[in-house]
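Each chain carries a letter (A, B and C) given by its place in the written order, and its residues are counted from 1.
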Amino acid sequence: MNSAPARTATLCLESLRVSYTHAGSAIDAVRDVSLAVRAGECLGIVGESGAGKTQAFMAVMGLLASNARTGGSVRFEGEEILGLAPDALNRVRGSKLTMIFQDPMTSLTPHLKVGVQLAEVLVRHRGASWADAQRAALRALERVHVPAPARRLKQYPHELSGGMRQRVMIAMSLMCEPALLIADEPTSALDVTVQAQIVELLRALRLDSGLSIALISHDFGVVAGLADRVAVMYAGRIVESAHTALLLRGPRHPYTDLLLKCVPNLRAPRGARMPSLPGQPPAASAASRGCAFAPRCPRASDLCRAERPLLRGIEPESEVACHHPLEP
Amino acid sequence: MSAGPWREAARALRADKGGVAALLVVALLVAAAIVGPALSPNDLETLDWTHVAADPGFAHAHWFGTDRLGRDLFVRTLEGARVSMAVGLLAGIVSLGLGLAFGAVAGYVGGRTDDLMMRFIEIMSGLPLIFFVIFLNVIFGRNPFALFFAIGAVGWLTTARIVRGQTLSIRRKEYIEAAIASGARTPRIILKHVVPNVIGPVIVYATLTVPQIILFESFLSFLGLGIQEPRASLGTLIAEGAGEMEAAPWMLLAPGLFLVALMVSLNIFGDGLRDAFGQRR
Amino acid sequence: MLRYFLRRLAGAIPTLFIIVTLSFFLVRVAPGGPFDEERSLPPEIAANLQRAYGLDQPIWTQYARYVRGVLHGDFGPSFRYKDFTVTELIAQGFPVTFELGSIAFGLALALGIPLGAFAALHRNSSAGYAAVSLATLGIAIPSFVLLPLLALLFGIYLRWLPVAGWEAGSIRHLALPVVALSLPPLAYIARLTRGGMLEVLGSPFIRTALSKGLPLRTVIARHALRPALVPVAGYLAPAVASIMTGSLVVESIAGLPGIGRYLVQGAINRDYTLVLGMVILYSALLIAMGLVVDLLYAWLDPRVRFGQ
């Protein structure tokens, strides 16, 4: 990654590692991730479950389990935040650096009213009074187009639909005008129609405020609609990153290529087989020589099995970690 | 009944140092109660007038001291422990049997019968057992059978609930339907198929029940509603000891500490057992 | 909320009625009567006694009289303590028992919950293990052993507190009994709180609360505590039952003039009306506690209010 954009990046991960020890053996959830999210841009992070996408960003937010070990560096607006004590981290967490999660059903506190859960962010970070904060909460709900916002403030999360809950989560994350929003699979638990609405909402909010977004998803459709650039993760590492349009048109890494082919194609002829990726991603506990994708890669060679390819820039703003990248 | 979960549980149990230690302590206490009195030069009834309310020591061969009448506390305590443990075991079996029968029938027959039986259990769980015992006492006076029945009633509710739950889940299984189709009668089905599969969790909860029973029996004896003279259980001894605390503290300390040791180790072992079976509640 | 409460109340009244009826008939079914223990009486005197206590009436008449009496707060005369009615005995002893029991209950909650929360938050440290061990001990040691031991230590050896006895308004006399009575429920509540807290801390909504930059103490107090206490709420009625049972023994050891001794003595003396009155009183208390717990559940988890 060239350092010039990295220095001005809102979020910069460098050689981030996350591992766990369990009963004597180590589990590497994130092996080596370096990426940057620049001001105002949306970076999509794609990959199968278990690739380490969520773990990397849980490390950024300081939400890892207590038996997790981290390495590398995470800089937010120039400041190192990896390994910070909770008190120090809480200065940016929830205000300038926020996160929304996959499951709106269980991500809101069931016994607190929606208004309280929104207002407490401002009370905590801006020292606002509860009354002022509730008013701001009302405006926040309007901003994310929740119908009848005044009534919603007094309701409990279980009284809202899934889509509305996700809007509430988004509103909660925007209360203090963050510089970066991490969105972890924000649409995966929602109906397809609602998914489109949420994606549209996020796009509008970005245009409106110049917010940066780190969008984690296994769904290329969502990523295509929102992200400026995409980073593809496999087995705890980044295997390719490029501008979205470029990546979608001409993926360089065989894994990306197969992933794209797996997106169900509504225009394919009936009876055509749906492509799928053979095999399974490697277990996080397995350490391997050579490229982690080699066992499943149609282009794998002996070199691939012997030596792990490093991330190399091929074009400006594009990198791939492969010995035999595809031609554009 | 697959061997898999049992072996896993056994392994987990062996790894739990606290649980193993507790089991050893229990074994030690039981052994002491069985063998101990034979080892002592004293016996249960002899009054040693030269050593009244004595402190423990080796010189006068009264290892736990003596009581107000000069009776050796070592022998008295261990004999009392024997009574408590015997009652605990026997009443435990009664409780197990009751719970098993009740739960199996409720779970197997289902429908209105099950509803009624469960309502009954609900109401019974709300009432403290002591009231039930007091009722029995008021009605039947000092009847040893009534006492036994009352003590056995400790814990049968939980056993019945677990058995019913297991029975309900087993009832749906194919081999039960096959048995019914082949004409087997209900009691036979319950006995041959339901009971063996339910024994597992029940035994685990039995380890909880036995200390509860011992505790309850001691409690009743303490109040004077339990075991009658001349037989004394730990509860009776503790009651005597509490009354003579100032003059002869060891009358309280000997049976009291024995009971505490027994209860604590049974509880720790029971916890460990339930952890091993993944049924910690 | 109000309708929910009224519905539960309506269900509780028949239960109490059933208990009264069942108790009445069970007691009457018993062979022998309350005067059998005494020296055999000449038949005319026995008959007079029977008439005086209404025992010669048909059973249904006795039942009707009894129920009418209960509704007016009259539980009849004690068969044993000849000069007193059951109501008088209760009035004398209940305040003491109530004071003892409610302080013990309050203590169990006030100390048990923080202990359990502490154990959950420090689960991998030695302080956490110590808390758990303390809880295990508290559950295992019976109160009728603990109280004499405490009295031995603090009353006889250290001479800090009185061994037994009671004076109105004296805290020193209540101290040891309250400790012995509150320890088992305290330990159990600590255990339940620890378990509930550990489970809640793994929930997604706690992760959300932390991601909002709220300090841990706010997350615990505002987001984690209420759901963590649901198991404790379920234990409250059994806790009261346990304290009731324990008070029987504690009062007798510590020489407290409460109503616990009446229940035990009533059983030994086969004093029908006294036992009956006690049972009704205790049952009413338990049922009331059950109602309180239901209300508590609705507050702890709003989903319950909507009948989910």
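Operating definition for what follows: a contact is a pair of C-beta atoms (placed from the backbone, for glycine too) under 8 Å apart; a residue touches a chain by one contact, two chains touch by 3 or more.
Values in this document were obtained by computation on a predicted structure and should not be read as measured data.
Participant: Which word fits the touch map of the chains here: line, ring, star, complete or other?
Facilitator: line
Participant: Report back the single chain whose CA centre is most distant from the CA centre of chain C.
Facilitator: Measuring from the centre of chain C, the most distant chain centre belongs to A.
Participant: Taking the mean of the CA coordinates per chain, how far is chain A from chain B in Å?
Facilitator: 56
Participant: Rounded to a whole Å, what is the gap between the Cα centroids of chain B and chain C?
Facilitator: Using C-alpha averages as centres, the distance is 23 Å.
Participant: For chain A versus chain C, what separation do you get between their C-alpha means, in angstrom?
Facilitator: Computed value for the inter-centroid distance: 54 Å.
Participant: So in the complex, the part of chain A that touches chain C is made up of which residues?
Facilitator: Checking each residue of chain A against chain C gives 61, 63, 66, 86-87, 89-95, 98-99, 101, 103, 106-112, 120-121, 124-125, 156, 158, 169, 172.
Participant: Give the list of chain C residues in touch with chain B in this complex.
Facilitator: These residues of chain C touch chain B: 15, 23, 26-27, 29-32, 136-137, 139-142, 144-145, 148-149, 151-152, 156, 163, 237, 241-242, 244-245, 248-249, 252-253, 263-264, 266-268, 270, 272, 275, 279, 282-283, 286, 290.
Participant: Give the list of chain B residues in touch with chain C in this complex.
Facilitator: Interface residues on chain B, with respect to chain C: 123, 126-131, 133-135, 137-141, 211, 215, 218-219, 222-225, 235, 238-239, 241-242, 245-246, 249, 252-253, 256, 259-260, 263-264, 266-268, 271.
Participant: Across the complex, what residues on chain C touch chain A?
Facilitator: Within the complex, chain C touches chain A at residues 124, 203-205, 207-216, 218, 222-223, 226-227, 300-303, 306, 308.
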